[in-house]
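As structure tokens, here come the structures.
Two complexes are shown next, each including chain A; its partner changes from chain B in the first to chain C in the second.
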Partner chain A sequence: MDLIMQFIINSLIAGATYTLVTLGFNLVYGATKFVNMFHGVLAAVGGYTVFFFTQTIGIDLWVSIIVGIIGAGLVGFLADRFIFSTLRIKKASNLVMFIASLGAFIVLQAVLAMVFTSQFQSIVHSVDSPRVYEIGSAAITHIQLLIIITALFSSFGLVLLLRFTMFGKAVKAISDDEEVAKIIGIDTNKIIGYVFFIGSAIAGIAGILIGFDTGIQPTMGLAILLEGATASIIGGIGNLYGGIAGSFLLGFVENFGIWKIPSEWKGAITFSVLIIFLIFRPQGIFKK
Partner chain B sequence: MEKQSKTWLWVIGILVVVGVVYLVMTLNSSTPATNESASKGENGPIKIGVIAPLTGDAAAYGEPLQKVIALAVEEINNAGGLGGRMFQFTYEDGKCNGKDGANAMQKLVNIDKVKVVIGGFCSSESLAAVPIATANKVVLFSGGSSSPDLTNVSSYFLRDYPSDAAQGKVLAEIAYGDKKWRKVVFIQEQLDYPLGIFKAFSSNFERLGGQTSKEEFTEGTTDFRSQLTKLRGLKPDALFIDTQTPAAAERIFKQLTELKWKVPLLVSDAVTGDPAVVEKNATILEGALAAEFGTDPNNATFKHLLEAYKQKHNVDVPYQSYAQTMYDAVYIVRDGIKAVGYDGEKLALWSRTIKDWKGASGLVTIGSDGDRVSGHIGKVIKKGKVEVYGM
Partner chain C sequence: MAVLQTNKLEKHFDGVYAIDGLSIEVPKAAITSIIGPNGSGKTTLINVLSGMLDIDGGSIVLDGIRLSRFKSHEIPMYGLTRTFQEVRLFNQMTVLDNILVVLTERNVFSALFERHSNLHFMRTEELLKKINLWEKRNELAGNLSYGQRKLIEIARALAMEAQIYLLDEPFAGLFPEMLKVVVDIVKELKTRGKTVVLIEHNMDLIRELSDYVFVMDSGKLLADGKPNEVLNKREVIEAYLGE
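And now, the complex of A and B:
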């Protein structure tokens, strides 16, 4: 019983982390219809910005966090302005967009490694005194609780934004058919720019929280992106609710899976679930 | 007409490029011939190869160790070399992996025509270089590779850094005999070095009557919560944190603290080799066991190495347990060539007769399996410092 409670908590933390990645990933996919690999490195950008401002310059933590979120958003926005929108204008195929995003991902990851070294870094200094809450014999830290709460609030906020604002309606219109959206007078390029900013800022939040929880490394983006993209596909790619459901499903399957089988199979479990979904339910849990 | 002249310009351009490339290649390939004659000549330098990681993450080890080797070579040459002949060392980058280790070995054997190579440093470099060394009858002498897979691997391979088997054995004996632990669980990174330690520990611990089990994780893993939760459920007497690098171990320390799991710990020398990490994690590591191939601060040669290095480079020697074996390797090679000449076959035979050779790392004896006899000793962490166990 003690173990089950801890496994449930571990699954919730993993699910919430994946949710933060899928939210932005699905938002961008919904509007642009290409698998944006660049999304992964934005998490690292968020984490490293906070690391740089708190530890190197010594600015207040909360200010650094806000700078980190906006910084990740801006990098995503600029990538769209200079790379993806140019390719869209040239009517580049989704495959070209995918390769371009992968290229941009590798370049930025290399820049991070050059500036901050490839070493694993910790945003928080002390490892001895994390604030820990106990539920029975299970434990959850303050930051892990914050990951779960942030994931819930971000999901809720994004759903409200897309449902009840003109911006949300414009995104939906672009997602249904970009050409038609243009004809009815929507400035699609501008809206997609905003979508990149919001999606990337959420990726930044994910990176910052992961940085506080486990630490940061320039290469952290790929692992985060793979888990996030898998959760998106399981849930139904481009569908926000699907992404959330997929994330928690993946979190639970991974963590409960290794309860009974050796943990070196964790990666295999993740991708087996993905393959099962691709074969039997390619549209995911929720169809877009 | 204009088009035709353009085509001609292209053809001439290509011919010039091909010509230049050909010239450069011929010049390069003529270099080894001079080297060969230099090595074989009576008065030319004695050529020795070195394979170590000079770029990438593991360059953190390779670069200072290259300086240690250079220091030993300089001392030997300043003292007149060997019968008036100077030693000349050629360094090749093994990048801490098998592919580049093998390439480096091929180059040293086929182009530089050396008969002795000091290296590889990483076990993966050595494992890949051994077959090439054996086929070409060249002695490969490692001062840093510790994988148990290198034991008795070839009569042309030897090492003065002890095998990890010793590390696992020493810890298993303390855990079972002194601590009276009967169940030890591992969280192990899926790489050669941590796997070697697990194999050595579990075989010795189980032979004594203990029980082990493990959870593995891939390189770069950051979330260990469910692995640790599962291991906790087994109610072990102790947990062995078996990682390749201190960084991975630190992530586990943090999550262990967060899960509020208090359990006696064992760590590998990847952790104890980094004093900063031990000090930073002093609370969780209090009482943790380790086994290290230590240094002896009272050893005169070791003291000389520390002073000479500091004087030359103005910093302390890092990774001292490796520095001492690297330094000794150069002098052992000199003594070998002095005894039997610059001949791979004879040197290989001679290497198995090394007994109580006195150096910076203490008395070196090489067993018939090519391993250094004796090595690791039990250590315990107290107040952020690594101390000899049982003192």
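And now, the complex of A and C:
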């Protein structure tokens, strides 16, 4: 029973982590229709920014976190301005956009490795041991609890933003038909820039939280991206709600999957689920 | 006086001269029809005029301002709007939102927080009632019939409050009562002093509505003038029958 409780908690943590990745990933996909690989490295950018400001410069943790979130958003925004929007104006295909985003991902990841070494590092000092809450004999650290709460708030906030503001309607219009959105006077390039900022900032939040939970490494982006992209495809790519559902589904399947088998198999479970979906329901859970 | 003018306009698609040295002057506060056989470049002209395609040569003069390169999201600032031959709505949005989204604040920062004012709702209601689709306001635009979608596109153009309306075959495929709604809207635009450019194949409608007609053929201007003069010209009849 307690074992089940722990599995449920672990599933929720995983689902919340993936949710933080899919939110931005799907937001960007919805507006631009390309699979943005660059999204993954933004998590690392968030984590390393906080690391740099707290450990190297020694600035207050909360200030560093805010800088990390804005920094990740800004890096995503700039990548759009200099790379993706340029390609968009040239009417580059989605494949070209995909490759370009992968290239930008690899470059930035290499830069992080050069600056911070490719070692695994911890954002928090090793002396601060995490506070742990006990639920029966199951446990959750306060960082993990924070991951779940943040995922809830981010999802809720983003949904409200898209549903109830004119910015949200503009994003929806662009997702639906970018050319027509322009004809009615929406500066689509500008709105997409903001979409990149928002999506990337959320990816930064994910990276920071993961950094606090387990640690950071320049290559952390790829694993995060693959999980997030899988969750997005399961849920219906480009669909915010689908991404959230897909994230938690994936979290539960992975964590309950490794109940009876070694946890090294987790990756195999993830991709088996992905392949099953690609074959039997490629449009995902939520796509109409 | 011409509000919209093209000078030796060129638009090519690898080897195809879709618009080939076209010079026309669209009179203000009048209905101008552009006719011509299939593939003569009518839609391409609208695509170029609305900034969706770059110009390969020549220029466009809008309200006295010469434009050689402009972005399509800027055309509303020049008082120009258009509809599409193949009806393009925001299919995943409700009918109501399809109109409301037009009435929004154009500045991104304000748009971030703006909710719809009552005024916008009232205007949307008025427009949807005009096309008899107020009852359908909460349905997804993608789920409506072709004719209904065509009407919504017209209503969206009206919501733009433009000075120049470029309408690409707005009557095509409409049943009589819907057709009448659109005909009335076009006539009303003229009485309100707006400029309408129509692409149309139905000769009776062209005679009934237009003040002036341009005939295009293979991207070139074949003839122009008052409807009755133009439609009786031998080369015009031949261009249509000759396809």
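Convention: the second predicted complex is superposed on the first by the 285 of 288 C-alpha atoms of A that agree within 3 Å, B and C clash if a C-alpha of one lies under 4 Å from a C-alpha of the other, contacts with A are read in each partner's own complex, and residues count from 1 in each chain.
Simple rule for what comes next: a contact is a pair of C-beta atoms (placed from the backbone, for glycine too) under 8 Å apart; a residue touches a chain by one contact, two chains touch by 3 or more.
These numbers come from a predicted model, not from an experiment.
When both complexes are superposed on chain A, chain B and chain C fit side by side without a clash. Of the two partner chains placed by superposition, only chain B is touched by A:G215; chain C is not. When chain A is checked against chain B and against chain C, the one touching more of its residues turns out to be B.
Once the two complexes are overlaid on the shared chain, A:F82 sits clear of chain B and of chain C alike. Chain B and chain C, viewed from the C-alpha centre of chain A in the overlaid structures, lie at an angle of 140 degrees when rounded to the nearest 10. Legend: residue contacts after superposition of the two complexes on their common chain; A:Y133 is shown touching neither chain B nor chain C.
Once the two complexes are laid over each other on the shared chain, residue contacts for A:D187 go to chain C alone; chain B is not touched. When the shared chain is aligned, chain C comes close enough to touch A:A173, but chain B does not. In the superposition on chain A, contact is made by A:Q119 with chain B only, not with chain C. Between chain B and chain C, the minimal CA-CA distance in the chain A superposition rounds to 28 Å.
Contacts of chain A with chain B, set against its contacts with chain C after fitting on chain A, share not one residue. If you check the complex, the residues on chain A that touch chain B are 2-3, 6-7, 10, 13-14, 118-120, 122, 127-128, 130, 132, 134, 139, 141, 144, 210, 214-215, 217, 219-220, 223, 254-255, 258-259, 262-264, 266-267. By the touch criterion given at the top, residues 164-167, 169-170, 172-173, 175-177, 179-188, 190-191, 194 of chain A touch chain C in their complex. Residues of chain C touching chain A in their complex: 50-52, 71-73, 75-77, 81-82, 84, 88-93, 97, 100-102, 104-106, 108, 110-116, 156, 160.
Touching chain A in their complex are the following residues of chain B: 57, 190, 215-218, 220, 222-223, 225-227, 229-230, 232-233, 247-248, 250-251, 253-255, 257-260, 280-281, 283-284.
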